[in-house]
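Naming follows writing order (A, B, C, D, E and F), and every chain is counted from residue 1.
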Amino acid sequence: MKTTPLKLVTVVAESVLGDRICEEMRSLGAKGFTVSEATGEGSRGLRTSELGGKNVRIEAVVGPDAADRILERLAERYFPHYAIIAFVHDVHVVRGDKYV
Amino acid sequence: MGPLELLAANLLSPIVLSFALGVAAAWVRSDLKIPDDLYSALSIYLLLAIGMKGGVEISRFAPSQIVWPAIATVALGLGTAILDFGFLRRALRVSAVDAAALAAHYGSVSAVTFIACSQYLEAVTTPAEGFLPALVALLEVPAILIALVLGRSASNGSGEPMGAVIREVLAGRSIVLLVGGLVIGALAGKERFSPVAPLFVDLYRGALVIFLLEMGLTAGRRARELRRIGVGLLVFAVAAPLVHGLLGVGAGRLVGLSVGGCTTLGVLAASASYIAAPAAVRLGLPAANPGVPLTLAIAVTFPFNLALGIPLFHRLALWMAEGPR
Amino acid sequence: MGPLELLAANLLSPIVLSFALGVAAAWVRSDLKIPDDLYSALSIYLLLAIGMKGGVEISRFAPSQIVWPAIATVALGLGTAILDFGFLRRALRVSAVDAAALAAHYGSVSAVTFIACSQYLEAVTTPAEGFLPALVALLEVPAILIALVLGRSASNGSGEPMGAVIREVLAGRSIVLLVGGLVIGALAGKERFSPVAPLFVDLYRGALVIFLLEMGLTAGRRARELRRIGVGLLVFAVAAPLVHGLLGVGAGRLVGLSVGGCTTLGVLAASASYIAAPAAVRLGLPAANPGVPLTLAIAVTFPFNLALGIPLFHRLALWMAEGPR
Amino acid sequence: MGPLELLAANLLSPIVLSFALGVAAAWVRSDLKIPDDLYSALSIYLLLAIGMKGGVEISRFAPSQIVWPAIATVALGLGTAILDFGFLRRALRVSAVDAAALAAHYGSVSAVTFIACSQYLEAVTTPAEGFLPALVALLEVPAILIALVLGRSASNGSGEPMGAVIREVLAGRSIVLLVGGLVIGALAGKERFSPVAPLFVDLYRGALVIFLLEMGLTAGRRARELRRIGVGLLVFAVAAPLVHGLLGVGAGRLVGLSVGGCTTLGVLAASASYIAAPAAVRLGLPAANPGVPLTLAIAVTFPFNLALGIPLFHRLALWMAEGPR
Amino acid sequence: MKTTPLKLVTVVAESVLGDRICEEMRSLGAKGFTVSEATGEGSRGLRTSELGGKNVRIEAVVGPDAADRILERLAERYFPHYAIIAFVHDVHVVRGDKYV
Amino acid sequence: MKTTPLKLVTVVAESVLGDRICEEMRSLGAKGFTVSEATGEGSRGLRTSELGGKNVRIEAVVGPDAADRILERLAERYFPHYAIIAFVHDVHVVRGDKYV
């Protein structure tokens, strides 16, 4: 099967950021993204599903440049004050030219 | 009923007991969990129900009867938020953003506390003005806005642009449901409302029992974080409702509300927001610690008002109306 | 009541207002969201409730009274779907798969529109035959099947095998709940049904208010996509219910239904499916654009029927029964 | 009513029919699905409701009237679990952990079976003691604990420490809600309970219809696994409720319960747990196969009791009270 | 810790395909899979959780050959008409012989 | 964008283990984790969302040593009796020093 090597950017953040992060990704070149609900724990304490405490988990398959731009933007705008983690790894994508 | 009986009547009501059950369940670390969607469903239901019931009643009042209470309500929201901000900055030396965050929560309002107050007044057969739900909607916003302005000007305003935050608050679900419910109720009127009353009126109190179970679970879980919060702030979380409540009852008296109305305005002022304010503050003042105001509002101020504040402000309203007996 | 009052009565009912609130909330991009599980819970409840109530009533009718209305209903489903398909192909030059997809949606039925119609008839105290819920179940399937056949034969049938699609439609949750409810109601009978009536009868109308809030939110969100849809299809989304409704009222008259029954059959024929049809079409005609029929059904045809269609077909049924006054 | 009519009355009740609808829907592989959160919401509601109703009633009894039934209930729980464990080990040669797992499920209790029994007794106008919900809570725990002890001593006790497991059972949501509800009901009393009765009393039976739809779906899905379970265990899943039910009715008679009370105690003993026991066994006896007891409890024993056991034990209780007629 | 290098196939698709894709995976050699709910956006527009618009996110740990067969099948049967994305990457799996 | 190479440990297990696995992770050096709901199928049969049958999906970004310790502990304590799968792969993490 012919696949294209691309990057998968994964972000977990407090849910109030959900729409904003999707918007940033779109504006920085992501052609799509997938969002799911999560809870979690980190340096900013437990984020259970109680009153306003949920997380969103956002994944986007993007080219390496877009991946870099997205991480850069998140680190600059959201890492100082918000509960958030972001990481990236290599994936091989079917019909990958669609996503760059 | 004397004051002690009124207190007992309140403490032994199913909704207060249900809150206590939630706290106890959290305390023994039960796996009991109110599903997220049930919690959302109940808050939508409760907000829509108070809105619609208020809307049906509101047509019975002339605008002139409502305008002064409305002005008093906005003034209360602004006044208590500014008061809190000043007190927290000066007396407790809280940072500007954190003081503003607390002021936004405590100046705004908790709709569930309002509902619990209505239940209490019904149980003690004290009527209250039918337009009070409209005041809940009015009290929700001003304190949040003034607090954000105070906090941002003191901290050189990081966070989302103020316009976006205001939009977010006004289009927030509690405002939409409350105001939307008011409009639906007012347009539909009593007769067209009656077929939906079995859901929105008769089940109201039962639904509150389940909602308060979840509030209790949340309060119980958050109570563990209280020991990390300084004693000054804990005192604030009890003093603020007392002072706000006093101002609220007084303001009610000033604009000529009934005893039930004064009680309600006192309880509204005493209550602290845990839905609209946290969301707005997170976006408008991201540097503020989001945990502290929420924990204080849910684990201290809400139960304080639920158990003691409501009968207390009722007592106060009676006393203002009739003089000491 | 004159026609204008009937229209006003309908527009000011809590369910229509609640739909409007949902549209408004979507329009201001509120964060208000009906939880998915609440939406599912309400649709299960509503389908089961109409089924059971219909089942309890159905025993009061002889089979001979139901057979002609049943035949008329199936004929309506097949006829309107074929009509729509032909019109869309010829007049609007829509591709075969997309025309078939639309025909499946518009030939089938929306149970919520049926419920809204029952509420309306109750409000204007016009009785309707108790077996009508059975017709909802009957009208749901035939149009979907004929449309799939038309679409697949015109496009050399990609997609799942037809047998699998038919199975999927017949075992789909709306059929299972409607038919299951009918059977439960018929077997249990009025007396054994009465202990569950407080849930399934008394709360029915209130539940519809919350359901329509979600419908309004969805319609409001989808309305943004309308500008990408050609004007021909927008006209279709209003013309189809008018033509189908006329046929439905006429068919009802032909088989001897009451004014309430004719109104209901008209509304059923005028309504477009947004649950059973989309799922079946996605599997049976994957090449069809799934967004367009759903957007038209929810954002145009549903509100059209809810606000205008219902009183209009009522008027029409009255007129057919009594002649012009 | 004669025995056959009682049976028919039970089989044609909406709750039994709704269970059957669920089974049928699973059988045709319908996409009908009760949302998880609705299922959780309904179980919270039902457990809290039986607790609260029991609590309101319990104040009408002297402790001395309850103590013997309570002792009998604990003895039933322990006795039936030990009996089952011995039988499964000896007669069916089931491994120690699996025998213990089954004994925990079958010695404990299903609250929904209790509710179905109350509905049945109401329908046939046979009153039962108001404190019975308290016995549900009492019967839930002992069998689980004794079975875990038996299973762990026979298998050198892997799994979580026993203390942790006990804590988990006692703080489990069914105990918390049942006992919490009892306390709330007892403290609030009849008068303060009445405003919440429209939710917790009037809707009770309707809610059960939807809950049993989900139970039916689950039973239907699990029924497919029955063919992988040996015939010995299938026989056990019918024999155990018969024997337990007989013991329960007899024990009820011994401690002087009414016909309704004896029926209920029989049904309680006959029922098998599918909430508390599975969770506890998974942690306390992880080597046990978790699927088999759950499948038997839901797909065999629950429907057996629902359809046949309840009228049967009623008959038996009548017979013990009045002698054969 | 001894682990086995295997492939993780991740598929996000419109929910109507959920059961079908699981079935395909099973028939092409997957010994198991994990399914969760998601929403998302892509070339076929927003797939929110509204009326029928949800996505499923399916993950399967499989050997390299099965991974290839699965992607091949998905590309052939579902990519033309449905909202779907699929990608694969290397993972190290505990007790990995169980999954091939 | 400067990122740190770390390990992402993913565990899918029957839901009764949720809190226990999070606790193990924390005690073995994870500074945080993200939890979401899932269903699935494996050698222990279908784990649908019906009565008690759900799975949890837990992810933790950790250093390589902690990853090893976590997998070791899970394999030892939970693999024999419980429905569980665990795997690990390399990710590049923003502000990664926070997680070791």
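What we mean here is this: a contact is a pair of C-beta atoms (placed from the backbone, for glycine too) under 8 Å apart; a residue touches a chain by one contact, two chains touch by 3 or more.
Source: prediction; values computed, not measured.
J.: Kindly list which chains stay connected to each other once chain D is removed from the assembly in thought.
T.: So the chains, chain D excluded, remain one piece.
J.: What are the mutual neighbours of chain C and chain D in this structure?
T.: B
J.: Return the chain whose centre of C-alpha atoms lies at maximal distance from the corresponding centre of chain B.
T.: Taking each chain's C-alpha mean as its centre, the farthest from chain B is E.
J.: What is the chain whose Cα centre is as far as it gets from that of chain A?
T.: Computed centres place D farthest from chain A.
J.: A-E versus A-B: which interface comes out with more C-beta contact pairs?
T.: Ranking A-E and A-B by C-beta contacts puts A-E first.
J.: Round to the nearest whole Å and give the separation of the Cα centres of chain E and chain F.
T.: For chain E versus chain F, the centre distance works out to 19 Å.
J.: Just give me the whole-number Å value for how far the CA centre of chain B lies from that of chain F.
T.: Taking the average C-alpha coordinate of chain B and of chain F, the gap between them is 40 Å.
J.: Taking each chain's centre as the mean position of its Cα atoms, how many Å separate chain D from chain F?
T.: 36
J.: At least two partner chains per residue is the criterion; list those residues in chain E.
T.: Correct list: 36-37, 89.
J.: Provide the list of chain C residues touching at least two other chains, using ranges where the numbers run on.
T.: 35-37, 41, 203, 279
J.: Please give all chain pairs that are in touch with each other.
T.: A-B, A-E, A-F, B-C, B-D, C-D, C-E, D-F, E-F
J.: Quick check on the complex: what are the chain A residues that touch chain F?
T.: Touching chain F from chain A are residues 10, 12, 36-43, 55, 57, 68, 71-72, 74-75, 79, 85-89.
J.: Give every residue of chain F touching chain A within the complex, in rising order.
T.: Against chain A, chain F makes touches at 1, 3, 6, 8, 22, 26, 31-37, 61, 89-95, 98-99.
J.: Provide the residue numbers of chain A that touch chain B in the complex, in ascending order.
T.: Going by the criterion above, the answer is residues 14, 16, 45, 48-52, 54, 80-82.
J.: Across the complex, what residues on chain B touch chain D?
T.: 9, 12-14, 17-18, 21, 24-25, 28-38, 41, 119, 122-123, 202-203, 205-210, 213
J.: Which part of chain C faces chain E closely enough to touch in the complex?
T.: Where chain C meets chain E, its residues are 36, 158, 217-218, 221, 274-275, 278-279, 282-283, 286-287, 291, 294, 298.
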